[in-house]
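There are two complexes below, and they share chain A, which is joined by chain B in the first and by chain C in the second.
What follows is the complex of A and B.
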């Protein structure tokens, strides 16, 4: 309700704008902080608020289509599956990564690599759903993805900023993200057409003050209805409207023109880098989860050229992002996940491509809660299979939650059915946790 | 998996024990089959309220009952003219007159079609033929058991029933979805828990039931030309939790087994057929069809229709229809119809199911009966300083979020000038307009989310109402065909407010609301039309419009 209401004199019927606004404010406090989800678990509220105080946040760099582990985190130079690129040493003794990531190689102190993912599912749709939700879906249960879970666990109910933002501007493999049974409160704000979210800017034919007044009038008139009908859906209608002006005020967060030129230059002109800059602006403003997708890594043909191009963008954008977060003191609170739906085959096909491969591949975790400078797990000499530290999608999901200080075994109750945050029988990879 | 199963068993142990109290109470003899549906509903609901000494809320005021009935039977709110018509009818019979008029209107057909579409195909891609089929079936007053058979066994080549095949074809690429959706949506049973182990909750449900259901669909495939076909052979094999390899029998949920009449194929014949099927799946120009003499899907349809013990097919749609009208299923959630999750009113569910089967699976009779009950018409308000009883007592009406189609159609109704709608008695003119309304509403539905369990309104919707041009520049135009234009032409402010409330909220404003609204319009230095516009916006964005209450 932060509209400019000065300069308005008393009006003939005594009903000033101010009166509408204060009446509205009185009307909306009751019940607005009630927990809207019926999915209560056993979590202690004190513990939850303690967690939220630490202001943990996540940026997920989503490598849509599936990046090759050989050309990124798990090079096999000299092996017949290794491809033409070299491995280079990093600033952490003993860890080598692909020469396509020279800048990231200088920053391994922030990052833990996991080289032992065996997630088994190698088609785009199901694989992406598996990595996003940490489990294969059951028919009849709509699972929330990692963004929605983090938004639910770390977001604030009364937050004025969005708590799950997903930037996905290419068409290949586009996925909106899903809050599943957690409900629409935790759905992502999805940016697919432009760098600004839809309907977040006031229409030009109505002034800012009229826009606020109209909303206040709405609240006043709604009160009679809502007081006698308290249920989750009615409450959510009320809180959705209460979040409108806060979210509108956050429109600036999406405007990178507000950054100093030096910062914009540092990120550069690639769309991915600019979206990383938006992501930094968002986490800086306490948005708990931002996903930035970069497509399209699905290199069935010309794998090596594809990776030369895409890895350059990833290397630059992620490095600048880590530096920027670190310099601002944000990296210790922000977990940066670099992940796709699967990796790529050791075998190189006739079109010099690599196909889908989910039995031995890699991802990385940097920043908050992570022990940097670690390469966890091992694949065999040709990268055909995991030989040490095998981890499932659920284990990775549990690891991410653990890095954020969230109990991965905490259960949501879906009716009478308990659903743990990370799937039954999964465990965080302790070796990569700080 | 062992860990998970143990975990579930522990979790559910206490539920099974406490549910004995319900299942232990043996059903008394049911009310006579000659009882009117609405009377039976009220009898059973009242019985339970009395046994728990709960005083239910009274029947809501006429305007509320009108709006609720219109939304549930016609899929939209009333026009100002319908509102007026309702109050002109004799008080004691106006509800009956309304229900009977609505049930003969095109509104009813469209809305029942839309509700079935939302239930059965939800957001799955379809080319519109399924909706055409449903509309055809609803207009024919086609019994539910026949519609079920259409959906399970229709082929593209058939006549008006052909669109029904999309229930199967939209799921054919995922055997688990096809199996479980059929079980959930037609039989009220979610068998997916029994996939990896026997059901932890329901002793009677074994892996055999899950794979038995799956066996009916195993042979179903789609050709490259998108034709749904069945292979002449093919069975489901599964591993039990003991590690034993088993072949599934064609077993329905009630334990009945269909005789497997698959003809014997010689090895080379089988190999040849398999190659032909593979070609059909891959090659658009295969130029032949495979026909199977024995159809497991047809067997499933017949077993389910013949099921006169559990009556899964009938009971499920009775419960889901009740859920749609009353806001909460007698069995809740509706896909957990089993002994460990008994109905809130088991005798009522049994009575309604028996009546439904006896009526020849007549959805209209069921809908009419529920809509005319007192339980349906109760007030949805509960004093704010008291804790309401459980919703499953039906002591008050549940406040239900509108579906995207109800909301879109209602918006299209209320933003027009009330003068632009025909008289409710002119059914020819109305039916013509209703078609346009359906199409217009279709252009708005994707802005809103389909309500489900734990439904919440997304902030995207509030942002849409607050800032989207379609709201500001289209719905809130002040042209003569729009409500804002109409209000502009009414000189007296309290009359304008009255018109606005009746048009948008389908009720008269309270004195306090008239005061607030006229004060708003009369603010100094603010253009009257702009004030009328923002006032109208405040009602369009109100929870009162957003919910069926």
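What follows is the complex of A and C.
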């Protein structure tokens, strides 16, 4: 799409309904932001509308705890730091990945690997926040994470499905996600206890007919009320009702039993794989952002055993997901990301583990907007440091936005303070973009 | 691996203690890489160790400065995790799935079986008469090899390739009984199979489920498994080593755990857990007369522990600087040689 480089396009005098509702909903819960009517970015509605029509979607496979780049995307066989695994060729000449990802190696045409992340923060909490938000936290601002930004930029107000769904059913390192100053309207629907949302299924004691009748009665009463008393709070309240009603109707999206047995068998029985299937169902139904967290990669002890288990899960689940999306014609519209809070140390500790390491690590981007079959950046022979194409968390954030056709320099106005979607001074990695 | 051959003539061999009252580190020296397996050479002063630099090393304990030096010119293409002595030869196995026969004296490669297994070789064992080599690997097969010709004699499956939670399983441990009749193997999920070495028939199936360490909620993976096995000298007892319940499987923070079975009766004689020196029990050996059992392993740090076999209680224990992956008795079991994380240790029992 055409970009608004400066983000300083003409601001409309009047607030659109969409702007107004977004801000109003956000303002209800984002107490730290004084004037939430001002967060709307400055660009033409036509561009925003065009962006949404492109139906871009994101599935973030969050490798919680920090996967090892050596055992995934940047193997160093034979190096003292390399560990025991071999590198295997992929179906793209010249690109080798760990032998623990044999199925993904056959699908490298879809994927760009970034091997040169230097994100500096090797602490779980702040590292995760950095990678989720693409910038270091600021005491005065609650930044939205990538899910909330995508939900806001690609979600449709009239949509009956959630804009941002986050599945994190393990307990270790669990993070809900944050919509920051964008407000609760863009907070994730967070599934932590089961793979289906709690409390959105119609109770058995209310029949389907009663359910519809109640909604119709509420509509009649609400319309009568709003005709006489139209204001922001009332509109926000109306919007919330409509949205909840839509979410109740979307409960089936989380029910993988509705998939043919052959599809369920293809994904298999691991929880991560089944959540990937849910993610596919959600993006197919136009949910803009789905995060599936697979915990827990924090392999301070027995790194190689841990990665044998977890890489097998990732390799299978992500391969099936890419195939499924591709066969349904969804992959060209869906960006699949593998990312965690950091990578793991080149040094192997006495427990045969690898510790936290953020100086030279990897992630992958597949599908929408991505030039597949690319390995971007380079680390030295032992994986100790980046020697080519160093990329920050902000650069990755900008790259993800660019792949989705979103101008990373577009600015939200938080009061009078402009805040670009990706941090100041960051740039998309053009080499991995289609 | 089996205890080393005690036939080599050495002039001064201390008598092993009937029941050690103490175990003390006598000397520690550095290794150039992570030592995963160790066996004694023909001379009492020579050790061989398989390491993470893909090589088999000779260690001359009589040298003024003890060093580990790769034997020969060839190497595995991954970590060397199994090593046994068979007569004048050494046989090594590695994460590359290969087995290599070495001339122990010259370091020349006699035979190389590249695809002995389709996945990691985890451990080797040698029969008491040195005629057979057994290997276990993550392809979940146990393979029996003619130690002289290198011919594959038998392949046994019988393990699930996936864990109950549908992740790849691993076959970590193997040992052969001192009478040469029985072969025992142990996997990630805590299943021990004892089979007749001649026929391959399974004589016993034992379970040590606690050693699986599956975390169903917080981290959704496992870290444990059966890492070591040892038969008593009369072949009636089978000791199984691993780790107990662990709260945080990011680290090896579980209690070190040993279970001892009268395996033919399927009776669990002892369940031994040590919360003081934690981690995986990587190697086990019975002492003379089966009066005691030596266990070694660790978390970041290592340990050597002696358990009495009359009551399963701890008799002696010593902390070792870093995680111990394997140990061998000296020509008399008053001496223990450990290898581990860039470090080897000589310990004395008294």
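Observations on the structure shown:
As a working rule, the second predicted complex is superposed on the first by the 376 of 434 C-alpha atoms of A that agree within 3 Å, B and C clash if a C-alpha of one lies under 4 Å from a C-alpha of the other, contacts with A are read in each partner's own complex, and residues count from 1 in each chain.
Note that in this section a residue touches a chain if its C-beta (ideal position, glycine included) is under 8 Å from a C-beta of that chain, and two chains touch if they have at least 3 such contacts.
This is a predicted model, so every value here is computed, not measured.
When the two complexes are overlaid on their common chain A, residue A:258 makes contact with neither chain B nor chain C. Of the two partner chains, chain B is the only one that A:415 touches; chain C does not reach it.
In the superposed model, A:385 lies in contact with neither chain B nor chain C. Touch criterion not met for A:430: it reaches neither chain B nor chain C. When the shared chain is aligned, chain B comes close enough to touch A:184, but chain C does not.
Of the two partner chains placed around the shared chain by superposition, chain B is the only one that A:215 touches, whereas chain C remains out of contact. Of the two partners, chain B and chain C, it is B that touches more residues of chain A. On chain A, the surface touched by chain B in one complex and the surface touched by chain C in the other have no residue in common.
By the touch criterion stated above, chain A contacts chain B in their complex at residues 11-13, 15, 17, 20, 36-39, 138-141, 162, 181-185, 187, 189, 198-203, 205-206, 210-211, 213-215, 217-218, 220-222, 224-234, 236-238, 240-241, 243-244, 247-248, 414-416, 418, 424-425.
Chain A meets chain C in the complex at residues 65, 78, 80, 84-86, 170-172, 268-271, 294-296, 298-302, 305-306, 308-310, 312-313, 348-353. On chain C, the positions that touch chain A within their shared complex are 33-34, 52-54, 77-79, 95-96, 120, 138, 165-168, 170, 217-223, 249-253, 279, 298-302, 322-323, 340-341.
The part of chain B that touches chain A in the complex is made up of residues 1, 3-4, 7-8, 11-12, 15, 176-177, 179-181, 184, 190, 192-193, 195, 201, 333, 335-336, 341, 380-384, 398-399, 401, 449, 451, 453-464, 466-469, 472-473, 510, 513, 516-517, 519-520, 522-525, 530, 534-535, 537-539, 541-544, 546-547, 549.
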